[in-house]
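Shared between the two complexes below is subunit A, which pairs with subunit B and subunit C, respectively.
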Partner chain A sequence: MISALSNPTKGPAFAASRNSCKLCAPLGACLAFRGFEGAVPFLHGSQGCATYIRRYTISHFKEPLDIASSSFGEAAAVFGGRENLRVGLENVVRQYAPQMIGLATTCLAETIGEDVPMLVRQVMGEMRGRVCPVVHVATPSFSGTHAEGFRAAVRATVDVLAQPGPRHAAVNLMPGIISPADLRYLKEIVADFGLESILLPDYSETLDGQAWDEYQRMPPGGTPLDAVRRSGAAQASIELGAWGDPERSAAGLLSARFGVQHIPLPAPIGVTHSDRFFAALERLSGRRTPQKHRDERGRLIDSYVDAHKYVFGKKAVVYGEPDLVLGLVGLLVEVGMAPAVCATGTRGVGLRQQIVAMAPELDSACILEGVDFVEIEQQARAAHCDLIVGSSKGYGMARRLGVPLVRVGFPIHDRIDGPRLLHIGYRGAQQLFDRMANALIEQSQDNSPIGYSYM
Partner chain B sequence: MAPELIDPERVKQELLQAYPAKVGRKRAGQMVVNRKDTPGESPEIVANVRTTPGIITQRGCCYAGCKGVVLGPTRDIVNITHGPIGCGFYSWLTRRNQTRPPTPESENFMTYCFSTDMQEDQIVFGGEKKLQQAIQEAYDLFHPKAIGIFSTCPVGLIGDDVHAVATEMREKLGINIFGFSCEGYRGVSQSAGHHIANNQLFKHVIGRNNEPAPGRFRIGMLGEYNIGGDAFVIEELLDRCGITLTATFSGNSTIDNFERAHTADLNCVMCHRSINYVADMIQKKYGVPWIKVNFIGAEATAKSLRRIAAYFEDAELSERVEKVIAEEMERVLKAQAECQPRCQGKLAMLFVGGSRAHHYQLLFTELGMRTVAAGYEFAHRDDYEGRQVLPKIKIDADSRNIEELHVEADPEHFRPRVNEERWKSLAESDMELNDYAGMMTDMEEKTLVIDDISHHEMERLLEIYRPAVFCAGIKEKYAVQKFGIPCKQLHSYDYGGPYAAFEGAINFYYEIDRMVNAQVWSFIQPPWDKHAGPTLEAAFVKP
Partner chain C sequence: MIDILAARQSQIHQKGDHPFDMVCEQPSLAGAVSQRACVFCGSRVVLYPIADALHLIHGPIGCAAYTWDIRGALSSGRELHRMSFSTDLSEREVIFGGEKKLYQALSELIDHYKPQAAFVYSTCIVGVIGDDVDAVCRRVSAERGIPVLPVHSEGFKGTKKDGYRAACDALATLVGTGPTAGIAPQSINILGEFNLAGETWMIRGYYERMGIQVVSTMTGDGRVDDIRRAHGARLNVVQCSGSMIHLARHMEQRYGIPFVRVSYFGIEDTSRALYDVAEFFGDAQLTDRARQLVSEEVSGILPRLREYRQALQGRRAAVYTGGAFKAFSLVRSLRTLGMTTVVAGSQTGNQEDYRLLRELCDEGTILVDDTNPLELSRFLQEQKVDLLIGGVKERPIAYKLGIAFCDHNHERKEALAGFQGMLNFAREVHSSVKSPVWRLARGTAYRRNPGDGERSSDDLLSASPAKEPVSR
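Right after this comes the complex of A and B.
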């Protein structure tokens, strides 16, 4: 099905990035910290980082997102930012009375080699009155992307807060970067199995909130810190979209430190991946998949059968965070589409190995790590792709190639429904399949001289 | 008679309450109740000082001002961000810069985001080699006429010399390549970045081409960034009046136009904050006088056109300008008459930019709305108090770090556009020759002026004043709207616009009318309706 491309692994070796397919590590960290109740993200370094990240993240979620900063000036950049950190933490504590401060470093602080853990100990030790846990994570963007910053922040939070204790039946869920709608659905699924879930993290309310009757400085929602503490005694951790070294994941840490069973799974996108997730929940709960979800799976399969002819054999370009790409490839393959170009901006994730393990026929597909959009576009053009699946950043490419773009993941800053898009589970697969099929139908309808209107 | 405003001193104390004593003292200087008792004088405000760590600010960084704002809208220069990936990514088209290349084949690199994507190796061993390679790649790909290099925080700290690399590559490739030391930690806000960007344009670009644009009345437009297509409508308007635009800094701009910017006969400064010093330098070096203009607001647009016409002292031009104004004002007044009854007397607040918070008040005035509080994100004292305050501004460590170029008259190309006598009469006219008024002059008595407003202060203001509309940016937008108050973005225009010139004014009237009067707000029950009681808010007059 898939034609071998001229250069299946990597395009020409460019030193520079041209239209990056990754964001910076502190962004991922801020996103993760926002998913813990009463937590304020704080960036140690230049204030521009907080502003840029807020600007960018807010345009996707369309929700307030406060990120504090230690606002380094030239003196702090040269002599260190201890005083800035002290004043900054004090002000955040005073203004927000937070339950936790998530402290991520910017490139600036990392370049000058700030000993942040030591500074935090000193500064919090000096602070009289209210204090709260400060979770520090090192997030230099010169050695990691937003996907890695996100994982590192979740791991750091668990590292600081998780406690041992008598084993309980709750299941830790490490969802990766998915939409607030996905997170809500995830909670619903686990609850339907009669299990308590501890989402690490859960920004389903904080980043997709309601109109408030009363203004609240700290948006409601997020995983309560007590639940994070209890994650050390949970019966298992399901890590969705697991990739890379387990030591660098929160689930890996909980397993090593507290013996919490670590269940790494691909992101449950599409039937095949979702089945694995539901099977894991069946095992952990000792219950069959509830009828509601079996029905949803049934309807999904029925629609696959009815509509696969519109998507079958179509060549797709998929890009994004490694876990999202891997999940999407699963869905594409199961409906008979050909993921001709699979790309991520993150490096060192073994994307090819994982994709081929899942779908050996993709051995000849163009699978790219650490790439930018110029390279993705070249490969997409060479592959004569029919459909593009990824964030809004692919819009330019889609426009130039004259191919529809189905927006998924993050960032989606040119549509209003980014936070409400479903990707995971049977329900998410249904939405994705419908949207992809409709995009292709619309394309052929628009290009048809007659404009067929019946199926 | 407009209802009296609530006691702003009380509001100020209320805002300051949340801060520790030291922070409170600092913020107090940046919050001023407007007074108009002494004509020509405004109360003193503290501005352009560092934001206190931990206070959520609207401000960005030096890099953002340099790369995003000033060079962002120039289409024929390849901009390379030297640093880790975030900075380049976040400045990738996010200011919604628009441009109109003359043909589909013409150069337009604005949609590209080049970054050296620095990795740990380069942080440790230096990134100059990778930067050289990136420049070479950009050159090989596009053969552009110019390449700009923008430094991010790590660059200055690890000691990469972007200027040396630029010089080396300029000699090697034979095109104009120059660097910017605009690391994010420099200065106190994006204003530092504007200055660094403009200095480099002055040093490396302006004056390279002495061939003037054809046309009788040649002007330059400084400080217009083409958000939402503003530059397009201004260009069209000037064209209709028979005025030639030599260069705009930097909306819808090209390096070619910058190179001959000094051949204009008059420079018109719109956003004085970001560029007044360039107008000064061009005047000194090449003899081009500058005046203040403003194309935000129909009245202001008409006034600006008349100023330009008056400067050129040409009856035909004046006649043409008057004709255009008369035609346009008819449409404007019709739209005003339609929207005004639904907006009359409502309150507005503006916290944005270094000139916008001032200029947009004029549009609200035209709608019959009152601005009760306003402030800038990255302004200096002169933007609040007027240019006459410049000599009184203390130079602090942060401003000292921004290079002040020493400029002298160019021995070959200095050409005085007006003689001494004419200069004198221009200076005495109401043309604002080498001058601009501060925002406070145009604001009512007892309004609140707040520099670098914090998130906390914004929330309290909204609770206390319950304005009908709040103008800021995307970072504030959704917090404001949680209060049930519409937020108009004046950075991106919420993907609306243009709002400049007559056409823009009409757009703005309809937009604000819609925002203020849309049905959706009725579904949100605002907190003050629930908790009417003996609170501070209850004591305030609801207009």
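Right after this comes the complex of A and C.
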């Protein structure tokens, strides 16, 4: 949290959140569980949580996302949700024949103090013969955001499934919340180094799929559970967008329990951050970065040069999950833009410390944790920003400020290409940079009384 | 093929020889992946469009985040309803109680935004940690001098319908607190119309053209002061009977204001609504004006509608709505377009609704209550459906199966009510059913109307889009 002192433009503090810049933890958990093959996300709580999260997520991915619920009624809230959980798990097993159930608890179940691990043991014990692993994660929305729910669900899955074994060459990749296109590209990169990757998780197909002949109980794709089991014996875990306590990450767990080397890296957004990721892969594979990627890097830098004057000194507002913000700041800084406002709805990230460590000149920037969109907008207005980079939830602010919004991350509810946007690596940086530079050029073109068609 | 869960079978009925017997109005079956939301959702849906009120959601962040500015409910003035306010409860407040934070949040927001009233929605955990929300509301109301209304919408305390009721209870405390001077004898309140894409304005315009005064619109483009004087109107005209019938009944009992149930979807239902209201006032001139209005409006859209009908004739539709009342209108509207409804269902219909729906539909139609993605996908395939009408959560189910889709839910940005809305509806349906993309998507098609995109993988390259009977 940032004190009022270091933020002279800060308005009066409000106890309420006004247009939240975070989502609830169970959403992140559902997203993560969707990235494991044959897994059905299941929320222990009221029916509404599952439905709201489905709608919110479907509006971004434009893919079916079935989330089961124990559909608490009043009796369950008073006497406990055991019976609802039993019926719910049974029905999911019967209807979906899942390989795994990802069970996240909502704030209701957490508040009434359900002993969910015990309940699950009992219920699954009674179900004889048809059981599948149930991965439970506690995700009360009063103590964490969707970014934390996502991490916790990945960690819980690894916690239940990962096994020790003879060390093999595969690399675990904890990518954080990135787009399906990013995930596909990530797999391509690692494969180009001749390495096997175990993505934790991988929703690149499940949340960006194709037309079907028959309705699929569960969409094809996702990291196979066997691969998750093998993650305990992988040669290393690369955690992208690492932040906070390593104890709370899957990579931290694998390191502590099985001695899997933990390589925490910033989200590979922009050249500088991507270089670190590629360097890690060079180290792990013993190979040079393949020419294809060197070429992409070269073209990217060439385009930086071509467009540097359009972006230099432009003040940007960046918001989103902590890892996304840190990654984007890296890109903005390396092309000469000024991240004037850097904001996340999550708290306890050490965002300022991390940003300043990366770019000491940003010490005077407005860096905010645990904020909402009303405050971000106030800061953006005060900073006279030129560009906004974040999810579609910043559209209202962009419109009022008369500044272009370059849509990144999640959610993107007002465009059709959210799942196909690239953010990471040289290719993602190319797309981001092109879009940012074009947005700025377009803005000055549109605002010009002359209307040049030659820039 | 997907099996139907045993516990779900009594909520499904196929019109045929067997007698009608359908279970409904039940809590959703755990693990069945219901398309329903919760009590909070019901309340939020009803009250959301009141644009000069503060809507504060008391609880952790999720409920507020997922309902921030997602609906197409327009306002002609202030737009406070498009803000998402939450007490964003943290662990500490869950342990020690959230009343203090609620009081502070509420007071600050009222001082800053100066709303005409405030609604405070209780979410799940508020019902568990035992905050005395009513007391906080009373205190803030006394201190700030505006109505501060608790909405008892804890998610688990029933279904969406109970949320409608909680919202109506809150509205009922507002109604009757304003002056009724200047209200004409031929006056109405419009209930259950939410001004999606400006629909309330359209409907209001019809009544005003007939010479009827509209005292309040609830809650589309709603204003607190209008609602406070709503008891001065002579008639409540209630659409979407599920959501606001409770308030209409309350006002009938309390103020002796009768109500009529109407729908504004489709030519038939919109016309009937206007005629029913004219008839209520027993004024021949009103009826004449209604007749004239209907004839003007219908003749304005009929030529285009005929073209759409020609293009859509014989297509098969599935309808899955929140309330069943809208399903009736949709079945009729689809008939106007030459289409047959072969699957019809709702989240919250009651026995009577489904009985009526059964009467309205053809033999073989599947009726379903509180369905889920797997069931729905089975029905869509079994019944060889060409078009699904539903909401955001149903859309990908249709698209994945190569079936056209029309969004008829609260998030839509297209006006589908009234006469113009019928034309928009036809255009929406047409633009999806007749899209050439299905020819590509359906390399995988399980079936299609003869000659419409049915082809083997051999002629992948020879396919070309069909000639469109209607140009846009």
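In the analysis below, the second predicted complex is superposed on the first by the 442 of 455 C-alpha atoms of A that agree within 3 Å, B and C clash if a C-alpha of one lies under 4 Å from a C-alpha of the other, contacts with A are read in each partner's own complex, and residues count from 1 in each chain.
Throughout what follows, a residue touches a chain if its C-beta (ideal position, glycine included) is under 8 Å from a C-beta of that chain, and two chains touch if they have at least 3 such contacts.
Quick caveat: nothing in here was measured; it's all calculated off a predicted structure.
Superposition of the two structures on subunit A shows subunit C clashing with subunit B. Contact with both subunit B and subunit C is seen for A:49 once the two complexes are overlaid on the shared chain.
Of the two partner chains, neither subunit B nor subunit C is touched by A:197. Using the contact criterion defined above for the overlaid structures, shared-chain residue A:92 touches subunit B and also reaches subunit C. Once the two complexes are laid over each other on the shared chain, residue contacts for A:179 go to neither subunit B nor subunit C.
In the superposed model, A:26 makes contact with both subunit B and subunit C.
Shared interface residues of subunit A, touching subunit B in one complex and subunit C in the other, are 14-20, 22-24, 26-27, 42, 45-56, 58-59, 62-74, 76-77, 84-85, 87-92, 94-95, 106-108, 111-112, 140-143, 145, 209, 211-217, 374, 396.
Per the touch definition, subunit C reaches subunit A in the complex via residues 2-3, 5, 7, 27-41, 56, 59-70, 82-91, 93-94, 101, 104-106, 108-109, 112, 124-125, 127-129, 155-158, 372-374, 377-378, 380-381, 391-393, 395-397, 399-402, 411, 441-444, 446. Those residues of subunit A that touch subunit B in the shared complex are 14-20, 22-27, 42, 45-56, 58-59, 62-77, 84-85, 87-92, 94-95, 106-108, 110-112, 140-143, 145, 209, 211-217, 374, 396. By the touch criterion stated above, subunit A contacts subunit C in their complex at residues 12, 14-20, 22-24, 26-27, 42, 45-56, 58-59, 62-74, 76-77, 84-85, 87-92, 94-96, 106-108, 111-112, 140-143, 145, 209, 211-217, 374, 393, 396, 413. The touching residues of subunit B, when paired with subunit A in their complex, are 18-20, 23, 50-64, 80, 83-92, 94, 111-120, 122-123, 130, 133-134, 137-138, 141, 152-154, 156-158, 183-186, 188, 397-398, 401, 455-456, 459, 462-463, 473-475, 477-479, 481-484, 523-525, 527, 530.
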